[in-house]
Structure formats: C-alpha cells, structure tokens
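What follows is chain A paired twice: with chain B in the first complex and chain C in the second.
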Partner chain A sequence: MAAGIREQERQDRIAAWLFLSPALIIFAIFLVIPILFALYFSFTDWNGISPPAEASWIGLDNYQAILLQDGIRRADFFKALKNTTYFALGVVPVQTALALFLAVVVNQRLLRFKSFFRTSYYFPSITSSVAISLIFLFLYQKSGLINSILSGATLGLWEPIAWMEDSRGLIHIILGWLGVTLRDGPAFFRTELLGLTIWDWISGPSVALSGIMILNTWTTIGTMMIIFLAALQDIPTSVYEAAQIDGATTWPTFRKITLPLLRPTMFFIITLGLIGTYQVFDQVYVMSSGGPAKTTLTVAYMVYRNGFRNSEMGLGAAIALSLFIIIFILTMIQRRITGSEATD
Partner chain B sequence: MTTISEVKPAASANTSAQSLMATLRMVLSYGLLFLLALSFIYPFMLAVTTSFKTLPEIAANPVALIPETFTLEGYTRMQGLNVGRWMFNSAFIAIAVTTGNVLFSSMAGYALARIDFPGRTAVFLSILGTMMIPGIVMLIPMFIILRQLGLIDTYGGLILPKVVSAFGVFLMKQFFESVPRDLEEAAAIDGASRFQMFFRVILPIARPALVALIIFSFQGSWNDFMHPLIVISVNQDLYTLPLGLALLRGGIGQNLQWNALMAGSMITTLPMAIIFFIFQRYFVEGIAYGGLKG
Partner chain C sequence: MNKQSYWTILAMLLLTMLLAACGGGSAEPVATQGEEETGSETSGETAEEPESTSGESEVTELQLMGWASSEAENDRLQEVIDEFNANNPDLNVTLNLVPDYDTKLQTSLAGGSPPDVFYIDSFRLPDFVAADSIEPAEGQLENVDDFYPSLREAFTIDDTLYCPPKDFSTLGLQYNKALFDAAGVEYPTNDWTWDDLRAAAEQLTDEENGVYGMVVSADFARWIAFLYQAGGSVTNSDFTEMTINSPEAMEAMNFYVGLVEDGFAATPAGLDSGWPGEAFGKESAAMSMEGNWIASFLNDQFPDVDYGVVQLPAGPAGEATMAFTVCYGVPAIGENKEASFRLVNYLTGPEGMKRWTDLGLAMPTRASLADGWTAQYPELEPFLAGAENANPWQFRPGFQDVLDTMNDGLQQAFSGTLLAEDVLSNTEEVGTEVLNR
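Coming up: the complex of A and B.
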C-alpha cells in the first residue's frame, strides 16, 4: 500500500511538470531569456540592425546618457517622465472615481435600463485602441465634434482649438490668465533642473496630451467599473441591513461601510491604472507620434522611438529597464500608502 | 383641534413639494445617466456614418451625423489596401492564440490547482510575478529574441509568444480550485490517469471559465497593436487590422482620408462588438473573476 502511494506521488509529480511544461517553456523563451538579453544589450551600443555580436560593450554609458549626462537624451528622458507623470496624475484619480461612481449607480437595485447603462459604459473597453484613437483624432479636429460641443455648452464662448496640435501646457495657460509668464516671471523659472527649466517642469500636461488623457480615461472606465461592481456585489446585504437599523443614511453608509470594504479592490484598480498609464503607447503612436513639441512624448513611446526609429536599441533597452524600475517603485509606494491606511 | 386643522394643509403641501423634488431628482439622475451613456456611444455612431460619407462632405461638416450623399468610397479604398488580408491575419492569429491558451493555460492552471508536487508554490509565484512585468518593457527584449530565433516577419513570431498567458493560467487555477474533488476521485477509482482525468472530466466542466479565457485571449489578440508592430518589419502580407490601420494613418500633417480611416476602424470594431453582444454575460463574469481575485 505504501509503495502504491509513493508510486502515485511519483506519477503525479511527473504529470504536474508535463502539464506545466508548455507554459514554462514559452515563459522561459519569450519572457525570462529576453529580459536577460535586454539587460545585456542595455550595456552595449547595439543599433538593432547589425548582427548583435558586433555590438560593443559600453558599460553604463546608456544609463548615464539618460540620467546624468547633459544633452538631448537626458532632456528627452525627463521630458517623457514629466509627461507620463502628468498623464498618470490626471488619469488615475479621475478614472478610479468615475468607475466607482458608475459601479455604485448601476448596482442600484431599483435602477431601470440597468443593462443598457452597463453595456454602453463598458463598450469602449472592448474595442481596438488603434480604432478608438483614429475616431478621437477625428473628433479632436478644429472643426470636430468635441469643439462644437464645447462651443454649444458655453454658448459660443469656447474658441475651437486643434487639440492634437496644441503644445501649450494647461498650467502655463492658467498662469497666463493670472498674468504670470516666463518673460516677466521670477528668474528661477529659467533655472535648469535635469535638462529642463523649472518653467518647463511646471507646464502641466499639454492640450494634446490632455486629449489623449481624456481618451484613455474614457476607454478604461468600463473595465474598472465592472471590477468595482463585482466587489460591490460581494458585500453581503446583511451589512447594509445592520446599517439601516442603526439609522444610517445613504452617504454615511457609503463612506463608513462600502468604501472601507472596497479597499482591496481600490488598491487593485489604482495599481492597474498606474501600470496602464505609465506604459501608454498605442494612442501616442496613432494620434501624435510624441508631438507637438515633444509634449506627448511618453517614456513608453520613447523606448520605441529610440530603439526602432533612431536605431539605438541599446539605449532603448536602458530606457525600458529604467521604466520597469520606476513602475515597480511606484507600485511599492502605493502599496505602502494603501496598506498603512488599511490598518487604521 | 384648531391646531391640528392648521397644521394639516401645511404638512400635505410639504409632502407634495417633496414628491415633486423626488420626481425632479429622478428625471435629472436618469438624464445624467443617459447623457453619460450617449458620450460613450456617440463617437462610434458618428464614426459609422462618417465611413459612408464623401471626403468633401466630411471636410465641410465633420459633425453631422447623417450623410447627405451615401457612398461606399471609404470601404472600396480599404479593399484596395488589402483589408481582407489584414482581417484574415487578425482572425487566424487570434484563433491560434486562443486555442493555445485554452490548452496550455488550462493545463498549467490545473497542475497548480490540483496536483501536489514539490516546488508548486515557487512555480505559481514566478508565474504571478511575470504579470507584474509591463508589456511595454518587453518591446525590445521581445524583438531581440524573435530576431535571434529568425521569427521576425513570420506567423510564428506573431503567435508563439502569445499562446500562453500568466493571466490565463491564473484565471484557470482559480476556477479549478473551486471544482469539487469528488469527480476526480471517482475517475481515479476507475483507474483513469491524470491526463484522462483532465481531458475527459475536468475540461468539459470548466466551460464558464474557458469561455472567459477564450473571450480575453481573442479580444487581446484581435486588438493587439504593439506586438505585430515589432514582429512585422517588411512583410505587408502579415499586417493585422490594427497594424494596417495605424500605418495607414501615416505621418502627421498629411491630408487624412477620414472615410477610409473610419471604415477601417469599423471593420476592426464590428467583429469584437458582435462577439461582445453575444457573450456579454461572460465578459462581465470573466473580468469580475480575474479582477476580484487579482
């Protein structure tokens, strides 16, 4: 009998590895090994075209070029990092809040046309990013739908703008209304920090980048709404009944009961949002190619631009790995923040 | 007595004002919800009708919903660009990727959920860890390995790296853990091997999870832009719909043929939309499943 069990265990072990082998082989070949390769090439000057064996080892030069050395590469890298950070700061809170709001709304027991609302809010999430980007490129024209809606809503006060060709930063625009400009602003505006002037750092997202931010929010809300919805439906009704007996009304119930119970989901959604926004690529490729005036250049697009367009594969690899580390650190910070709140 | 008669009309006026407020609030809330719904759908409606407009008409008025002159110009232009071939490629690749996922992701998920073997936790955590690697970070590494393996400009390069996904493994593992063990025990008593158990007993009852997996794999592959962009270098016969469409947009500042671009967008969107409306329930369940446990 004991021998039989041991034989059974042996067979199980073999079966397990056989079941896992296709997945593990694919992961090894197309994930683990490539990352090691990329790490190696980030220390070379490989151009991506000539045989990799001809690439020469240049040590930390690529990392130095984007992080330390004064020049266009560092200026571009920090410009891209700045743009991407504005992008994330604008998109993540809005998409999380709107997704939660819509989830709560379509979760109402007495709501009519429930499935119509759910379907329409979710629909953009299933469509191709390239197709959506083209559609929004069409809507963002000077004579396009977005401008005409804004004109209509403001009774003609809105001046139509060519969204995707507008490189003005939103904070610059607001400062301009307040009379603050680079020319007659304080001298420290011209101080350079990591290849960009202070004035450049505080630009805010450009109008063009804001256009992509709106599009990105619009396409991701649906998925996040469904994830919130699933979490909401997991909350037992008895919890709410207890609150009702205690006389709690809608808003306090939501704030004191629903929101804390949603905390793990909230963490998951914000992580998804951060990872998604820090690698925004498709929309930039289709809508703006990083322009105008590099105001939609994101770190992800820079990886592609330098690696494939400028034939600096080694440098591209160094940017990609730096991005990986940035995303990793952000996720850890976010985990720390959400985690410490959870123990209150 | 008098006090009561005085109070009464005031109270009823109060309630009727309250009910008026309630009605007003309801109208406003539903109005807002419908407006929101419209903002999610209207861009697609306008894209559909624009794809049937003539170029001069689009230039003159890009906002009007109904075309004045109905034309198939945009679609004919797309046909001239070999959009049929792009569609075939997209479908072929998506089906191959989906089939691979159904087989390999569920096999791996099953082993991790159901078989006790040394190293199980380590394998599971490693696979989970790969989900943390952002796709964009893989852009250059993927190019390097495909080049080394001679898979640039091949269907193999488009399909092989995608035939299994960490998300798929994870989804299937979650599902298999919820399946009662009696079924396998019964099969074991009948002398079935692990493979027979998996293919004859377990896989057939995994339908709900498999449908979710199929939808996600298919959708991911159909809409994927980044992977084809790096795999395809010169061979235009391998273009997928998103890739062909993105390259058709061309350089900045060009005069864009909006009817063709919108036609292409519709050709790309429609098949997914049809699948979505048929399998709607599974989309929602699948996201809820993968998302919640994530």
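Coming up: the complex of A and C.
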C-alpha cells in the first residue's frame, strides 16, 4: 500500500515536470538565454551589426560610460532615468487610485448597466496601444480636441499648445509662475549632478511626457480595475454584515475593512504599475521618439535607440540590465513599504 | 493505471510536438524560399519567369532588400528587376520591401544571413563601414565618374567608395503661388538671398488667417544648408575636430531661429502638421524647404496646391544645399558578391537608372542622364540643379548623438529656452566626444 502511494507520487512528479516542460522550454529559449546573452553583451563593444562573435570584451566600460564618465551617454542615461521616474511617480498613484475607485463603483450592487461600465472601462486595455497612440497624437494637436475642450471649459483662457512638441517641464512652468527662473534663480541651479544640472533634475515631466502619462494611465486602468474587482468580490459579505451590525457607515467600512483586505492586491497592482511604467516604450516609440528635447526619452526607449540607431548594442544591453536592477531594487523597497503581510 | 497511461501518452504527444517544432528549424529556409517564389509569382508580371528558369540548375537566387516607398515607386522597381531577371537567366532577383527596415537589416547582418543587396542611407553608412559590413564597390562599378561628385562623396569613406548612389534628393525652396499672389509678393528666383527670403516671409505672414511665411523644422538636416550657405562647416575635412561653434554657424543660427522668433515662420507642430510638407500642403505656410519627395506627396494629398520650386537662397558665402541619398550596398559576408555587383551595376547603370528615374519621383545620380530627365520634368529642375552645390549628409560613426543634440537644441532655441550659442557649444561638446571615441 505504502509502496503504491510512493509510486503514485513519483509518477505525479514526472507528470508535473512533463506538463511544465513546454512552458519551461519556451521560457528558457525566449527569456533565460536572451537575458544571459544580454548580460554577456553588456560587457562587450558589440555594435549590433557585425556578427556577435566579433564583439570584443571590454569589461565594465559600458557601465562606466553610463554611470561614471562625464559625457553625452551618462547625461542621456540620467535624463532618461529622470523622465522615467517622473513618469512612474505620476502614473502609478493615479492609476492605482482611479482603478480602485472604478472597481468600487462597478462593484456596487445597486449600479445599473454594470456590465456596460465594466466593459467600457476595460476597453482601452485591450485596444492596440499603437492605434490609441496615433489617435492621441491627433487629440494633442494644437487645434486638436483636447485644446478645444480646455479652451471651451476655461472660456477661452486656455492658450492652445502643441502638446507633443512642448518640452517645458511642469515644475519649471509652476516655478515660472512664481517668478523663479534659471536666469535669476540661485546659483546652485547650475550645479551639475550626474551629467544634469539641478535645474534640469527638478524640471518635472515635460508637457509632452505628461501627454503620454495621461494616455498610459487611461489605457492601464482597465486591467487594474479588473484585478481590484476580483479582489473586492473575494471579500466575504459576512465581514461587511458584521460591520453593519456594529453600526459602521460606508467610509469607515471602506477604510477599515475593504482597504486592509485589499492590501495584497494593492501590492500586486503597484508592483505591476512600477514595472510597467519603468519599461514604457511603445507609446514613446509611436508618439515622440524621445523628443522634444529628449524629454520623453525613457530608459527602455534609450535601450532601443542605442541598439538600433547608434550601433551600440553593448551599451544598450548595459542600460537594459541597469534598468532591470533599478526595477528590482524599487520592487524590494516597495515591498517593505506595503508591508510584509502583503507578501503572504 | 488507466489514468496514468493517459498522462504518459499526453506527455509524449507534447514532447513529439516540441521535437517536431525544433526539427522544423532546419527545414525552414526551404519553406521560405518556396514562399518567396510564390510571392513573386503572384505579385510580379513575370509569372512564368521563375518557372522557366527553375528547370536549369545554375540559377542563383538573389535578394534585394529595401524599404517601401510610394506604390508607384515600388511597382517601378519591381519592373526594373523583372527586366533584369529576364536578361540574366542565371540570376533570379527577389525584391523584398520590409517595414522597420533598420532593425531588420541590422539583425540579418548580425545573424550572418544578410540580403545580397540592400539600401543604405548615407548618414548610416559610417556605422556599417565601421562594423566592416559593407563590401567596397571600388573597382566593381561601371563609369564611376559619371556619378555626381557630391553623391560619390556621400558614400566614400577614407577614399574608398563603398556603394553607388541609387537616387538622390536635394533641398529646394517650394513656394505657394496663390499665397504669393494674395500678398502681392514676387515669386522667388534661383538668385534669391537670405534677405529676400526673410523679407518675403515677413510680407507673407498673416497671423490672423493662420498663414506663416515659411515652415521650418527643428532639424539639423535643414539648418545645415544655412550653415553651409553661411560658409560654416560641421567638422574639419579629416573629421578630427568639430568646427560647428563658429561665427558663421552663429550667423546661420540667428537667421534660422530668427525667422521663428520674429514670427515669420512656424514649426510643423505649430501648424498642426507632422512635417513641413503637410503644413505647406495645408497652405498654412507659403514656403517650405524640402526635397523632391514633397512633389509626390503634394500630388497625392494636396493636388490643388499650385506651387513652384526654386533653389535655396544664397547666404553670405554663396549657394549651398544638401543631398540626401541612398545607395545599393553589398554585404562583406555575402555569398554571391559577384552576382550582387552585376545587379547593382544594372540598377545604377545608364539603362537601369533611366528606367528607375523616368518615373519622375527619384532623380538620376548620373550626370549623363540629367538632360533627359530635366526635359521630361522641367518643373523639378531646381532639385536636380542642386546636385552641383550639394553637400553630402554623411559624417562619422556614432554621429546620431550629435544629430540628436543639435535637433534638441534647435527645438529649445525655437521655444526660447536655450540660447543659440549654447546650442552650438553643446553640439560641439558632444561632437568632440563622438570624434574622440
């Protein structure tokens, strides 16, 4: 009898591996091996044109060029990192909050046309990102819909701007209103730190980047809403009933019961959001190619640009791996902040 | 037990499928070749051609890779190649026009199976040459001296000609006749100077109706014409030093940016357009400085716009324009280099070049064909005449960084967030770094 069980277990194990093998093989061919290659190339001067075997080993030179050496490569890398960070700081909180809000709304038992709302909120997420980006390009034109709506809403006070060509940083604009400019600002504005001046660091996202941020938020909310919705429906009604008996009103119920119970989901959503925003590429590729004035240059786009425009595949690989390490560290930090119980 | 054998069978099935998929890898080339043949059969007018030659065993298959342009051009190129195939029974050339060309070409070169002949833009050539990817065309070409010197120069690096020019474009000045008439301004001539351009732009600007004198883009590839007209240069002749931070460059900068600052010119985005040609077509700008590609664009999209073309105005140092050109490259690791050069020689030779450029969309790179072409397309003559004082659009490997810096700088100078002298000094700094790499 015992032998039969052991035999059964052994066969189960084999079956499990066999079932896993297709996914594992694909995973190895398309992910593990390329990642190892990228790691190798990041230590070479491969130009991406000649056969990879001709690339010569240059040690840490690529990493030095983007992290330590003064020059355009380092300046570009930190500019891209700055842009991407502003992108993430803007998109992730808004995206998470809006997705949660929408999920709570469409989860209401009394809401009519529930499936209509669920579908329409989810729709942007399943539409081709390239198609949406192209449509937004039109919306963001100087005489485009967004400018028309804004000037209509402000009774003509809004000056139409060509969104995707505007390289002014949002924080720079606000500082400008307060009368602070680079020309008559304090001298430390001009101090260089990692290839960029302090004034550049505090630019905030440019108007063009903000345009992509709005688009990105809009397209990703749907997926996150669905995940929140699933989690919301997982919360047993008995908990709410108990709260109701204790006399809890809507807001305390949400704050003290719904939110804590959503914590693991929240961790998941924020992680997804962080990774997604730090890797943003397609919308930049379609809408701005990194311009105007490199204010929409993101790290992921810079990888592509170096690999296929500048013939510096090795450098591109080094940037890609640096991006991986940055995302890894951020996720770790975020795990700490969101709390350990979330990781259970 | 029954259940287990079911599992095993299923697993075996999966494994065999996987193995079959892996084994398919080696058979793949054969499969794609078959596809290509059927592809050319369905698309080409030479339906019988591949079949008639497939009987012989000595047919060499060649692939010509490029990017797609207008449909008329794609069709014409296919026709030229069909003619070549008909005259060369031992060769069968397949034309492969691909999207996302740069990526595709780069990966096929790195992967060791490049197409036998492919397009190379003059700006990208130094990168390919630095990677030893291109077989020099030196000594392989017929009647090299017939090519315009500026175009030969565009594909010459360290005194070696790498590939012959396929066709070319120069920058010219387009003007909207109706807008000129309405403003009572005389049409531009080939003898215009900067002052004439500026004065006309000022008179033509009618901000109330949303019309600007000119559309200019924050693009190094346009501004550089003014740089040469002012007598400046980007680097010294042997590419060891940047010379862009010069009084001449400053003059060109002030003129170009000044047009925007003073409100006589606007950027395409400011005119709700993706590129200057569109703004010109929408008649929101009375002048633009584009290459002859604008002619077919306007024909297609804005056939009602009545416009003329003259050469770019002369600056303080005289006339200058830019030549943008693409060549037919042969890979250094190619298997059929000799056959590839036969094809290249036909395409850029007098006969093939004439067939290709007779369409009027591309201009012949051979001076001997110029007269015939201008007789056929007199209205585009200023573009072709530009070949005489054109500068090549080719620098050193890695110059993309310099281009980016300059473009960003121009953009910021247009919006007033960066001073012209800072644009030049930034570009000089980046350029020096690139040249010293």
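List of remarks:
One rule holds for everything that comes next: the second predicted complex is superposed on the first by the 319 of 344 C-alpha atoms of A that agree within 3 Å, B and C clash if a C-alpha of one lies under 4 Å from a C-alpha of the other, contacts with A are read in each partner's own complex, and residues count from 1 in each chain.
Note that in this section a contact is a pair of C-beta atoms (placed from the backbone, for glycine too) under 8 Å apart; a residue touches a chain by one contact, two chains touch by 3 or more.
Quick caveat, the model's predicted, so the values are computed rather than measured.
The partner of chain A that touches more of its residues, comparing chain B with chain C, is B.
Residue contacts after overlaying the shared chain place A:97 against neither chain B nor chain C. In the superposition on chain A, A:337 makes contact with neither chain B nor chain C.
After overlaying the two complexes on the shared chain, residue contacts for A:141 are found with chain B and with chain C alike.
Within the superposed three-chain model, A:317 lies in touch with chain B and out of touch with chain C [touch as defined at top]. Of the two partner chains placed by superposition, only chain B is touched by A:223; chain C is not.
By the touch criterion defined above, A:48 reaches both chain B and chain C.
In the superposition on chain A, contact of A:278 is made with chain B only, not with chain C.
Of the two partner chains placed by superposition, A:68 touches none, neither chain B nor chain C. Contacts of A:15 after superposition: both chain B and chain C are touched. Residues 11, 15, 19, 22, 48, 52, 141, 143-144, 291, 308 of chain A contact both chain B in one complex and chain C in the other. Listed in rising order, the residues of chain C touching chain A in the complex are 4, 7-8, 11, 14-15, 18, 102-103, 106, 109-112, 127-128, 130-133, 218, 267, 269-272, 333, 397-398, 400-401, 404-405, 407-408, 411-412, 415, 417, 430, 433-434. On the chain B side of its complex with chain A, the touching residues are 30, 33, 36-44, 46-47, 50, 61-63, 103-105, 107-108, 110-112, 115-118, 120, 123, 127, 130, 132-145, 147-149, 160-161, 163-164, 166, 169, 193-195, 198, 219, 222-223, 225-226, 229-230, 241-243, 245-246, 249, 251-252, 256, 258, 261-262, 264-266, 268-269, 272-273, 276, 280, 283-284, 287-289, 291-292, 294.
Here chain A touches chain B in the complex through residues 9, 11-13, 15-17, 19-20, 22-24, 26-27, 29-31, 33-35, 37-38, 41, 48, 52, 102, 105, 112-113, 116-124, 126-132, 134-139, 141, 143-145, 148, 218, 222-223, 226-227, 229-231, 234, 265, 268, 275, 278-279, 281-282, 285-286, 288-289, 291, 300, 303-304, 307-308, 313, 316-317, 320-321, 323-324, 327-328, 331, going by the rule given at the top.
Of all the residues in chain A, the ones that touch chain C in their complex are 11, 15, 18-19, 21-22, 25, 47-52, 71-72, 141-144, 162, 164-168, 290-294, 308-312.
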